[in-house]
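What follows is a set of structures for review.
One chain, chain A, appears in both complexes that follow, with chain B as partner in the first and chain C in the second.
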Partner chain A sequence: MAELVKVKINGQEFEAEKGKLLIEAARENGIEIPAFCYKEGYSLQAACRMCLVEVEGTPKLQVGCTLPVDVNRDGTPMVVHTESDTVKAARKSTLELLLTNHPLDCPVCDKGGECELQDMVFRYGAGESRYTERKVHTPEKQWSPVVFFDAPRCILCYRCVRACNEGMGVGALGIGNRGVVAEIIPNKHDHLECDECGACIDICPVGALTSGIYRYQTRPWEMNHVGTICTHCSDGCKTTLGVRDGEIMRGNNRDSSGINGEFLCVKGRYGFDFVNHPDRLQTPLLRNAAGGFDEISWAQALDLVSKKFTEVKSKNGKFGVIGSNHTTNEENYFLQKFARQGLGTKNIDHHRTGDLATLFDALSGKTDALASMQDVYTAKAVLVVGSDLAQQHPLLSFQARANYRHHAAHIYAVTTGEVREDKQAVASVRVQKGGELAGVESLRDKLKAEANLVIVFGDTVQGDALRKLVAFGDSLGIPVKYVGLVDYSNSRGAYDMDLLPRDGGLSREQMLAAADLDVLWVVGANPLKSAALASKNACVVVQDMFLTETAKAATLVLPAASAYEKNGTVTNVTGEVQKLKQAIKVMGTKTDLEIMGSIAKEMGLNLGIWLPEKMLEEIRSTVHGYNVALPVLSSGAAVATQPLNGKVAALPGTIGSAGDTLFTSGTLGRYSKTLNSVMEAPGSLYGGKDH
Partner chain B sequence: MLQSYPEGKKRSAVVPMLIYAQDETGAVTAELIEEVAKRCEVTPLQVDEVVGYYSMLHRKPQGKFHVQVCTNISCMLVGGTELYDQACKKLGLGHKQTAADGVFSLEEVECMGACSWAPMVAINYDYHHNVTPEQFDALIEGLKRAQ
Partner chain C sequence: MAKKLYNEPSPLETKVISKRWGLEGSETLDVYLANDGFKAFLKAREMTPEAIIEEVKTSALRGRGGAGFPTGLKWSFVPRTSPKPKYIVVNGDESEPGTCKDRLLIEYDPHNLIEGILIAGLAMDAHKGYIYIRGEYRFVIEKMNKAIAEAYARGYLGKNIAGTGFDFDLYTHSGAGAYECGEETALLDSLEGKRGVPRMKPPFPAVAGAWASPTLLNNVETFASVPAIIRDGGAAYAALGTPKNGGTRLLCLSGHVNKPGVYEIPLGFPMMKAINELGGGMRNGKKLKAVVPGGSSCPILLASECDIAMDYDTVAKAGSMLGSGGMVVLDEDTDMVAVALRIMRFYAHESCGWCIPCREGTTWLRKILQRFNDGGGRHEDIALIGDVAKNMFGRTFCALGDAAAMPTMSIIQKFSHEFEERLAKQGSGLVSING
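Our next item is the complex of A and B:
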């Protein structure tokens, strides 16, 4: 802990760490020093002069965002005034200057109502301008399908430049020219080639950078803001959906309260538009004699499914159940309960995208061996093995980068090709696929010298190799934590809720290959995308949002709700449980939980009340490590689970990532217009084929 | 050149490298930006920022004689603006224009650090002090003959 010194701000005396920036010290004590260019977590810019304060003993106003707190030379505390008349007059002049070339088009600007410049002008005045010169105007520019730039509104605070450079590690924005004609420029002269994450738009204090899908659509106060969890990758970012009249208008991280702080990738910010894709299923479909589909009512559909299930169950027929890695924990739990207790089958599985079984087995008996999202930000060293994080796990990549920037963490990468982590890495080792362990071994001496380590590894490290990796970690003699990478928003939950072919059940592949299935029930998955179904006479029941390859082969298709249309919980890649909050409702669909519950009811099964809250109760009392604190969860925070639970028996079936990139997301990505419009970057190094 | 800079500070070489390269090639082209970026281990965008910032770096080729007239305050007070107007007329060029034959180009510049001898004109790297309109014309005529 740094030395504490006294500092007097606006007549009140506080203690602050010596060397802390005045703006931070003031903020910690509830005093706001207005700022545009200062943004915590980024390098200092001191470009806007909005944070000027009066410091007794210095003749001129001081820049609060770069002024370190210290005692005066005679040992007396620094005396600061942040709201004196001089300071207010200075702020007013600063604003007047910032508005010199500003178009004052708040009534049509996207930012109107949540604009920092607007707020400041309201607070400190500068309602009139003494400048009579003609304003410099430049027309708006489109830099990508999702990023637009209106130079006249820009106050040149450099926030976007720093967010892209430092936060994202992309460096796609810069400043061109100087003086009154200075403006933000994109890396490819007239367009951007970048992650399209929209961080620059989010961080822009004014309406200079705007989002292609949101601009001029609505005003901030016309929307409800629903904080939920992104449904794409497994990192589990919180995204706040702006909803107006039952339509999602935008995604952002309005209050930065999630595990992702201010971060969102392109999918979390824009990838919600699959919900109203014209191909979205909104009515149950029944295969007809001609091989096509007939639309039927929900009542008919539920009746048909329950009769079929009951019939097959009563004659001891063979069921196969394939669950999803993006449905909720409650749904997954209910599904396995339905399969095991309701249908009496052990044939239950999901697309396993990482070898959690071996990881948990290898770590059994240990505590604190699984890293949290925060650990990736605070660990002294982070080793990335066999994954292109920036492509496949954007938040983990961001966390590691932030750790490097803020704590000078040592980053190591063992990958098959160049990755973004190379830029920060102490050492990058290139290996052939399968040669990861040798690569890791070559770093032994360096890693041994670290105080602690987080190892993040992809699907290429599985089975034996994974056991060896854990043995390697053990042999270092330092605290090591692991992140076993998995795809999709709830892969971890699907595993934890036991959508697994335990005790002799058939794996996903075995089910598809079996010739004698009577029923194949697929909930939110697309196994037939890359495999054929051997049982030609099986009744295939599919719950999905779209007519996927699997749904096309179905006997009966039930239109399901997406994650943005339901309540429940999901578990991210680092085992943290977070709450989904329903933002919209799509006509004709039901949540998977409701569909399954209704089938159970029709069948006369008693599997408990199919409300998310009730199922969560049951999960908390029966699933090991899931006794999560409800108040914390309800407050929108993430709660860690403790799944390590002794020996885990080996499971049949194969494991492999779907190899999605920054711009793809399985079925959901295929139906997102925005994601398809921005897809430009080369694919990930670790592209899988299955999904 | 890079060896003159301490380890890890290659980006400091961006400005001198651009200047020397411009002297050789006549203008800062896109290829040149790429090359400087590679050598100094920065992104082309970061080099582009520098090129946009410094008025001495030009994206288009200048004339053989690049005439720069200062109109900042010290020069302005003693006839810099008039001198610039005179230059426009004499050369038939405007700000940042190059003559079709490539001999002369003109630029209205900011302070070049020679205020004590205002008004001043710089032709390529040569400074001319206390320039009167007559001297300016003579200067240009001299150059025309010389080339």
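Our next item is the complex of A and C:
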């Protein structure tokens, strides 16, 4: 604990940590010192001069964002005035100077209503301008499909430069020219080649950086802001969807309240647009004699499915059930219950993208051995094995980077190719695929010297290799926690909800290969993308948003709602449960839970009430480690779960990541216009070559 | 044989750092060695670092770059025992309008600068130095490079210098045309290959300068003064000037005088004597109106305020600064509106853009002054100019904002009647209001 000293701000005496920045010490005590360029967690700039304060004993106004709290030389407390007439006059003058070249196009500016410059002028500024000269103007520039830059609006606070360089580790933004025509410039002269994460847009206090898909579309106050969880990768970032008239206008990081803090990647920000792709299914489809599809009503569809399921069940036929990495815990739970209790089959599986079964089995007898998202930010050391985090797990990558920036954490990488972590790494080891363990072994002495360690590993470490990795962790003699990487937004939940071919059930591959399969029921997955179905007579029922390869082979296709169109919960890669909030409704679709519940009802099965809240209640009381605190969950926070160690020692079937990049996301990515428009050669994103 | 200089020397000068300037071949090592060259270095080699610093303290040498900070004290701030490498960085960015002395020190006597740097190297336990020279001084950089090459070839740079066992490498580094890079931390950023914008202080360069290592950073003239101090003793050097203002300095005399030029004078030299005798009096017999005493960033002194001694403290008392020695003399015909505009055009052009008050303030002032000068002035502009300058003053990240504000405030304060006269002359005709 740092030494506490007294400081007097605006006549009130407080205690603050010695050396803490005055702007922070004031904020902790409820006193706001306004600033543009100061942004917690990023390097100090002292450029905007908004945070000037009066400190007794110093003739000049002092910069609040760089002034450390300390006692005066004579031991008396520092006496600060943040709202004196002198200070207010200085702020007003700074704002007057800022507005000299600011275009004041607030009525059409995207930022109007959410603009920090507006807010500051409202509080401290002058009602009239003394500036009568011509303003500096330069035309707006488009830097990428999703990033536009309007230089005249820019107040040069350098937040974007720091967010890109320090936060993202990309460094695609810099400053060109000087004086009044100084401006932010992109890394490729006239355009950006970067992660397209849009962090620069989020962090911009004014409307200088705007989003290609949101700009000039709406006023911020016309939208409802729905905080939900991104449905792409498994990191579980909160994205706030701005919804107007049943349409998602934007995704952003409006209140930075998720486990991702200020972070959001290109998918979380722009990857929602698959919801209104023209190919979206909005009516059930039935295979006709000609080999095509006929549109049928929901009533007909549910009747057909329930009759087929009942018939196959009654003759003791063979079911195969494949669940999803994207559907909610409630849906996954209901699906496995439907399969096991309703259909009486053990043949249930999903596309397993990481070897969670072996990990949890290997960790039997240990407690607290699974890292949380926060642990990756606070651990003394982080070891990344066999994964390109910046591509596949951008939040984990961000966390490790922030840990390095803020806590000087030691980062290690054992990967097959260059990774962004190399820039921060104490040691980077390049290995052939399968040689990860040898690479890790070569770091033994360094790792042993660490106080604690988080090991983040990808799908190449599975089975025996994974057990050896855990044994290696045990042998270090320091506290070690693990993150077993999985691909999608609810991959972890699909495992936890038991979409697993345990106790002799058929794996995905085995179902597809079984020539005597009677029914293949696929809920939100695309197993036939890369495999053929052996059974010629199987009735294939598919619930999906699009006519995927699997849906195209279906007997019956049921149009499903996306994660942005439903309530429920998902579990991220680090085992934290978070709530989905429905943002919109797409006509003709039903949530998978409603579809399954309706089939159950038609079949006369009693599998419980198919409402997300009711299913969550059942999950909390029956699934190990999921007795999560509802009030915490409801408040939008993430709640940790504990999986049952040693539930299954081994499962049939293969495990493999889909290997998505920053700009791809399985089927969802294929139907996102924006993700496709920004896609670039991912290799060019790394340092050393172009940057 | 004497060589032709840019201006005739004056008998009134006290020649210490310019004493070799007239000699044929003064830029060569042979002439330097024949005229006291490297005696100070060899003497310093026998001294302890503490003794060298003490000698510089005794000399009462103050930084010649503009701020006038006591050099010996600055030298004592560098943590000599740090395990990091220590660097000597020479500020030869010389960008202050009115200042033109560093180039002469390099053009005429580069080995003296090298010797000063080497002595600093001994005192700091530094083995690498960089001379940062403004980009427009291409020919000066070439001359410095030539001298450095000669010193290397003759064993006065590199390994085991002059057989003393001391190693030192010296490089030049070209600026790229930014006034801001004369600010020491912006210079360091530029030296490191970054955009030249000032750094936050603390840490000061003495502790974390070039590549975050302890760095001694002084002006060319400051380093050039060191050999004489070590050779003849700090006390002898101090005695040339006035108390706390030791030695001599180069005065860059320009403007409406008969004999403009660079003259070496002791600190405390009377300002009027400099104008009337060194400078040969006012051109065309005109009357003195005002003086910019030490470069364009200094508040302007009225003729009636100029009967003072030119040392740091006296000029400060008169409300201005000795700055970098760039003294501009203005006669009675000088249009102060045009002067204010010319000064502000420079600062608006040179503002690096880092902080708001300087970036926006200098250009706003430039635009008002341009309009005013073009005949579009309004009465309220006079107060506005003063107010905008005042709002810039003391609130910017580095001293560039102050440098732009100070002369402007002084002109508005002392010459507002000239602005009023302009308004009266321009009458009521319509004028364009333009940037």
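In this section, the second predicted complex is superposed on the first by the 679 of 691 C-alpha atoms of A that agree within 3 Å, B and C clash if a C-alpha of one lies under 4 Å from a C-alpha of the other, contacts with A are read in each partner's own complex, and residues count from 1 in each chain.
One rule holds in what follows: a contact is a pair of C-beta atoms (placed from the backbone, for glycine too) under 8 Å apart; a residue touches a chain by one contact, two chains touch by 3 or more.
Note that this is a predicted model, so its numbers are computed, not measured.
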item: Clash or fit (per the criteria above) of chain B with chain C on chain A; value: clash
item: Winner by number of chain A residues touched, once chain B and chain C are compared; value: C
item: Which of chain B and chain C A:A90 touches, first, second, both or neither; value: second
item: Partner chain(s) touched by A:Q142 [first = chain B, second = chain C, both, neither]; value: neither
item: Which of chain B and chain C A:C48 touches, first, second, both or neither; value: second
item: First (chain B), second (chain C), both or neither touched by A:T66; value: second
item: First, second, both or neither for A:L98, with chain B first and chain C second; value: second
item: Which of chain B and chain C A:N177 touches, first, second, both or neither; value: both
item: Which superposed partner A:E133 touches (first chain B, second chain C, both, neither); value: second
item: Against chain B, colliding segment of chain C, chosen among 39-47, 93-101 or 237-245; value: 93-101
item: Chain C-contacting residues of chain A that also contact chain B; value: 174-175, 177-178
item: Of chain A, residues touching chain B in the complex; value: 171-178, 185, 187
item: Residue ranges of chain C in contact with chain A within the complex; value: 178, 180, 195, 200, 348-357, 359-364, 367-368, 371, 384, 388, 391, 394-397, 433-435
item: Of all residues in chain A, those that touch chain C in their complex; value: 44, 46-49, 52, 60-61, 66, 90, 93-94, 96-98, 100-101, 130-136, 155-156, 174-175, 177-182
item: Chain B residues within the chain A interface of the complex; value: 43-46, 48-49, 52-53
